[in-house]
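The two complexes that follow have subunit A in common; it is paired with subunit B in the first and with subunit C in the second.
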Partner chain A sequence: MNDRYASATTSPSFNPWPAAIFVCLTVLAVLFLAPTIGVLLSSLKTTQDIALGKLWSLPTSLYLDNFATVLTNPAIHTYLLNTLLIAVPATAGSIALGILSGYVFAKLPFRGSDILFLAIVAGMFFPPQVILIPLFRLFNGLGLLDTLWPMIFVHIAMGIPICTLMMRNFFATVPAALREAAIIEGASEWQVLSKVALPLSLPALAVLSTLQFTWIWNDFLWPLIFTQSDDKRTIMLGLVFLQGQYSVAWGIQGALSLVASLPTLIVFLFFQRYFIKGMTMGAVKG
Partner chain B sequence: MSTLILKNIHKSFGAVDIIRGVDLDIRSGEFVVFVGPSGCGKSTLLRMISGLETTSSGTISIRDRDVTHVPPAKRGIAMVFQSYALFPHMSVADNITFGLRLQHAGKEEIARKLTEIADILHLTPLLDRRPKQLSGGQRQRVAIGRAIVRNPAVFLFDEPLSNLDAELRVSMRVEIAKLHRRIGATMIYVTHDQTEAMTLADKIIVMRSGKIEQAGTPDALYADPDNLFVAGFIGSPRMNFLGGILEADGQVRLDCGATFRSGILPAPTTPSAPITLGIRPEHFTGTDEAGGTVDVRVDMVENLGGTRFVYGTLKSGQAVIVEDRSESALRDGASISAGFPARKALLFDAEGRRIRSSDTANAMAAQ
Partner chain C sequence: MNLERDKTLWRLAMLIPPLAVFGVLVVWPLFSSFYYSFTNWNGFGANYRYVGLDNFLQIFDDPLFMRAIVNTVIWMLAAVILPTGLGLVLALLIDSQVPGASVFKSIFYLPICLSAIVVGQIWVWIYQPDWGLLNTAINLVTGGDSHFAWLAKPGTALYAVIAAWSWQQTGLAMVIFLAGLTAIPSDLVEVCHIEGASTGQRIRQVRPATVVVVALGVINSLKGFDVLYIMTGGGPFNTSDTLAMHMYNESFKKYHMGYGSAISVVLFLIALAIIFAYFRQLRKVDQIYE
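For the complex of A and B:
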């Protein structure tokens, strides 16, 4: 990489690759950002402005009433709280189970563990629609419909495959000698996990937490199936149910969309400082 | 007093036997080196002593306590790994005191021992650093510190120097030898490097295919090997092996035509037995001593400054290495006469077992 830049500056011949890559990346970035910018723009406009069809124009004035409406609506407080009450325990639960199973598959293999691992990971490939009716009947039978519990259980269960896969693969990179050294020093298997393997896995945990939290926070299907009353809805349902019967309040929808995506952004910003590599550097010769 | 006793130890993975009946008695304070080629089972044996590998049969006892099925932490051992195995997220101090903290030792005791260890290993200025901020030699010292802080009955070293560069390896070797003298602990050290074995060990255990070929002091193994394998493995450059025949009258006739009187008589049942003669490069001298003389065609001369090794070929086509301390000019393709004293020539039978002179045999029988 360095050589390429060095030769680009010293030799007179023009290397088109960096420029081409730069253009491609810029186009991609604009494509990805455009919807968000559209939503941001519409959230700052009056309904009248929007009705005039100037979706991509800058707002005539900085109109913040949409945000005020959203943030003062008590129903939205409930939606946000409900979503948080689902996303936090479900994220924690699925990652905790993934850590335990991933550690066993990576460090304590047993007869048939490879097949069991494949079976668990295969769970990722089941479309949720396949288990929709059985789960509905199950939670109906348990009397848990229209509570937050079904979403928590379903997200923990459906998170196990990806969490197991990621944690197992990460633990596999923790050198076996570290575990053996800890065991000789008197650590139990649990202490090896909690004092050695987990502290080294912060990057993997950060990635997993962000992924799981975002996925659960943004989920629409399961709350739609399992909840009925307004005070059990999650924020994504709220977004839809906030539409008027005959008209769509685009400005308010835009503001709510932004508010709804804030928590996932915060989670990402919080964990991104752990997205560092090289935690295992220096453990063994390298 | 014995610190570690192995009795008829076996280890198999499925149908493959890795360790095939090892008996060993290691005395307190001894520095024992397991040496052998890759795959001979020396590391497996060390891991069995540590408890990281289970033992298929036989017993291991440490300080008169049967620990065959005792978990590693309760055996009273500590281990230094080839890869150091330092915990990368902990400081040097935390790495060293990891075991003490797991045992819930008192803060004062931990601090006192840490200071003591850091002092011995010259780690005091590095205690707050992370492993990745240390050089290879410093990391190895931290790993040794983590091992000695718990004051174990036996230290196990699994090829601890093989990741270091040549210069550092020599200085760490000296440090380990000094450390052993200072703390006087029982140490078991695995290496494939026979120089490390020769320089460090009180006792060398030469292993091959899961069995002990010979155990003894470095000098004994060097001068008096039991078989061809040990003779060839110990010593660098390795011992020369020349084919020949031992006549009924004790005369040895080498394939290259040279003859000499060995002072060893073959068993009466096998007159003219085929033998292998082993002679170390440095035992070739002038032609004046009583013994044999071989004519060597010089292929290449390796000059080490103080001495030089002549890589040559005998008339029979066999390769031979001769250490030459004379300062005469030697050209490639020249021919030299290399003599050796009969008492330095070791004879091995067709199975590779050492044939000892009757004197030696009598002396051994008397013991």
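For the complex of A and C:
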């Protein structure tokens, strides 16, 4: 038993607080889960059942037609593939650039580097609407509108603040003596980075990969602005578009939401610790 | 010295790629927005001219802009009250060594990894007039037969969206508070327990985390767009418009890109002020720990 409750458990009278807290949390947890459970239930029911008000009852038989409809729709394959084609290179690209700048800010500081670092990190907090119009014009001028390129470029650029922040903080924990020893033995900064600092920073890379992938996968604004044709849509954009097509087919919409969220849910289930760590680090250590 | 020169070269080699990308795709567009805000550009072609402060003067004559400002402020206040308050309560409850703490933590945190689009869609169903969870629950309690359309009524649309958004943000606030609570050395917690410290005293200990959560909530409320877009689109009758939404509508629905740029400049200045205040507070927070 934990020390903090030692006094409570040794006292002769019954302490109702732990039980009360547990009950309280359980009630809140049920309320919090209800929306997600609702989607899950709807995806397993016919539209008729939902309209008849049977959404919140447990399904009596396993009805998977909604998922079959979603998974056999070729448009959805295209949306998923497009999103993957954006999320993977953009995640890798932003982390690669963050490694470079993070290393300089941690190990090769110079006059004014603190200010430069703060200015980059501040970029994390700005509403993207601020740069929407000039980027639209830029990609229009380059003839890249309605391709996947604008999203890849923009997500790499917008990822630089968080990647720089996280990598700098991590590289800062690598002992300076390690770097100096390697430099004295004739290693270049690049070798120190790739052979010494980076292998020690795998947890930071895991944190950043989960964060960046989830954000980019879930993004909506940039593809909304930069794409037009159906075969260039990302999954979140496709979700909104198909809502019109399946406007009263609530069950299909539910299945669609779940399929679209599946990659990020898997990431969450397996890398939850990294995810939470990244979110708190990014927020607190600005 | 040769080593110093090497260092400078490496600094340049390593900083130029990220700074070039960041400069071209973030910093330069930021300044371009200022430039376009003084023009009447329509989004296409090179046919636009300098109009001085016209766009900014138009802002004060635009009832929709004023509406958007008021709604954004309401959203900010709600962001400070709802996710922050609920997040703190959840964090304190979970931190009390309750059994299954990690399960509770995951449940409250889960919505964060859903996209705003999916969150919006889920809540559209909750507010669905005929079989949505909210009306079903109300009818169950009151025994009535309510078919209230929460998202279609001017009086409730904005708050309905804010509730959905708060549902997602609460988990984030909770983990930041938890990080703050666990950052307090455990021997300190024990001292507090021995001396019979009240919950109020513990809350004061998480003040640094509170700064972070409030600032993040306010900043994130400025970005609130996706969830609004899918739930109400700013409607009905623009009653749930925010600055971000208004900027999008003016720029990419009506193609008033010059005016849209002016709105984005206002958005930028508000964000800048908040970030400035936040960084100053963070410095103070750091000093407390040092």
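Assume the second predicted complex is superposed on the first by the 228 of 286 C-alpha atoms of A that agree within 3 Å, B and C clash if a C-alpha of one lies under 4 Å from a C-alpha of the other, contacts with A are read in each partner's own complex, and residues count from 1 in each chain.
What we mean here is this: a residue touches a chain if its C-beta (ideal position, glycine included) is under 8 Å from a C-beta of that chain, and two chains touch if they have at least 3 such contacts.
Since we're looking at a predicted model, the values are computed, not measured.
S.K.: In the overlaid three-chain picture, which partner chain does A:N218 touch, first (subunit B) or second (subunit C), both, or neither?
M.R.: A:N218 sits against subunit C, while subunit B stays out of touch.
S.K.: Please name the chain, subunit B or subunit C, that touches the greater number of residues in subunit A.
M.R.: The partner that reaches more residues of subunit A in the superposed model: C.
S.K.: Between subunit B (first) and subunit C (second), which does A:V88 come into contact with in this model arrangement: first, second, both, or neither?
M.R.: neither
S.K.: Based on the superposed arrangement, let me know which partner A:L118 touches: subunit B (first), subunit C (second), both, or neither?
M.R.: It touches subunit C, and subunit B stays clear.
S.K.: Quick one: classify A:L71 as touching subunit B (first), subunit C (second), both or neither.
M.R.: It touches nothing on subunit B or subunit C.
S.K.: Thinking of the overlay built on chain A, is A:A187 touched by subunit B (first), by subunit C (second), by both, or by neither?
M.R.: It touches subunit B, and subunit C stays clear.
S.K.: What is the contact status of A:P199 with respect to subunit B (first) and subunit C (second): first, second, both, or neither?
M.R.: first
S.K.: Go through the superposed model and pick first if A:A249 touches only subunit B, second if only subunit C, both, or neither.
M.R.: Touch partners of A:A249: none, neither subunit B nor subunit C.
S.K.: Same subunit A residues contacting subunit B and subunit C, which ones?
M.R.: In the superposed arrangement, which is not itself an observed complex, subunit A uses residues 183, 279-280, 283-284 for both subunit B and subunit C.
S.K.: Using the touch rule from the top, collect the residues of subunit B that touch subunit A in their complex.
M.R.: 50-52, 71-73, 77-79, 81-89, 98-99, 102-103, 130-134, 136, 139, 146, 150, 163
S.K.: Contact residues on subunit A for subunit B in the complex?
M.R.: Residue positions touching the partner: 175, 177-178, 180-187, 191, 196, 199-200, 278-285.
S.K.: If we count contacts the way the header does, which residues on subunit C are in touch with subunit A in the complex?
M.R.: 3, 6-8, 10-11, 14-15, 17-19, 21-22, 24-26, 28-30, 32-33, 36, 43, 90, 93-94, 96-100, 104, 106-118, 121-123, 125-126, 130-131, 133, 136, 167, 170, 172, 175-176, 179-180, 189-190, 193, 209, 212, 216, 219, 222-223, 225-226, 229-230, 243-244, 247-248, 251-252, 257, 260-261, 264-265, 267-268, 271, 274-275, 278-279, 282
S.K.: If we count contacts the way the header does, which residues on subunit A are in touch with subunit C in the complex?
M.R.: 2-5, 7, 17-18, 21-22, 24-25, 28-29, 32-36, 38-39, 42, 50-53, 55-56, 97-98, 100-101, 103-104, 108, 110, 118, 120, 122-123, 125-138, 153-154, 156-158, 160, 164, 183, 188-190, 193, 214, 217-221, 224-225, 236, 239-240, 243, 250, 253-254, 257, 260-261, 264-265, 267-268, 272, 275-276, 279-280, 283-284, 286
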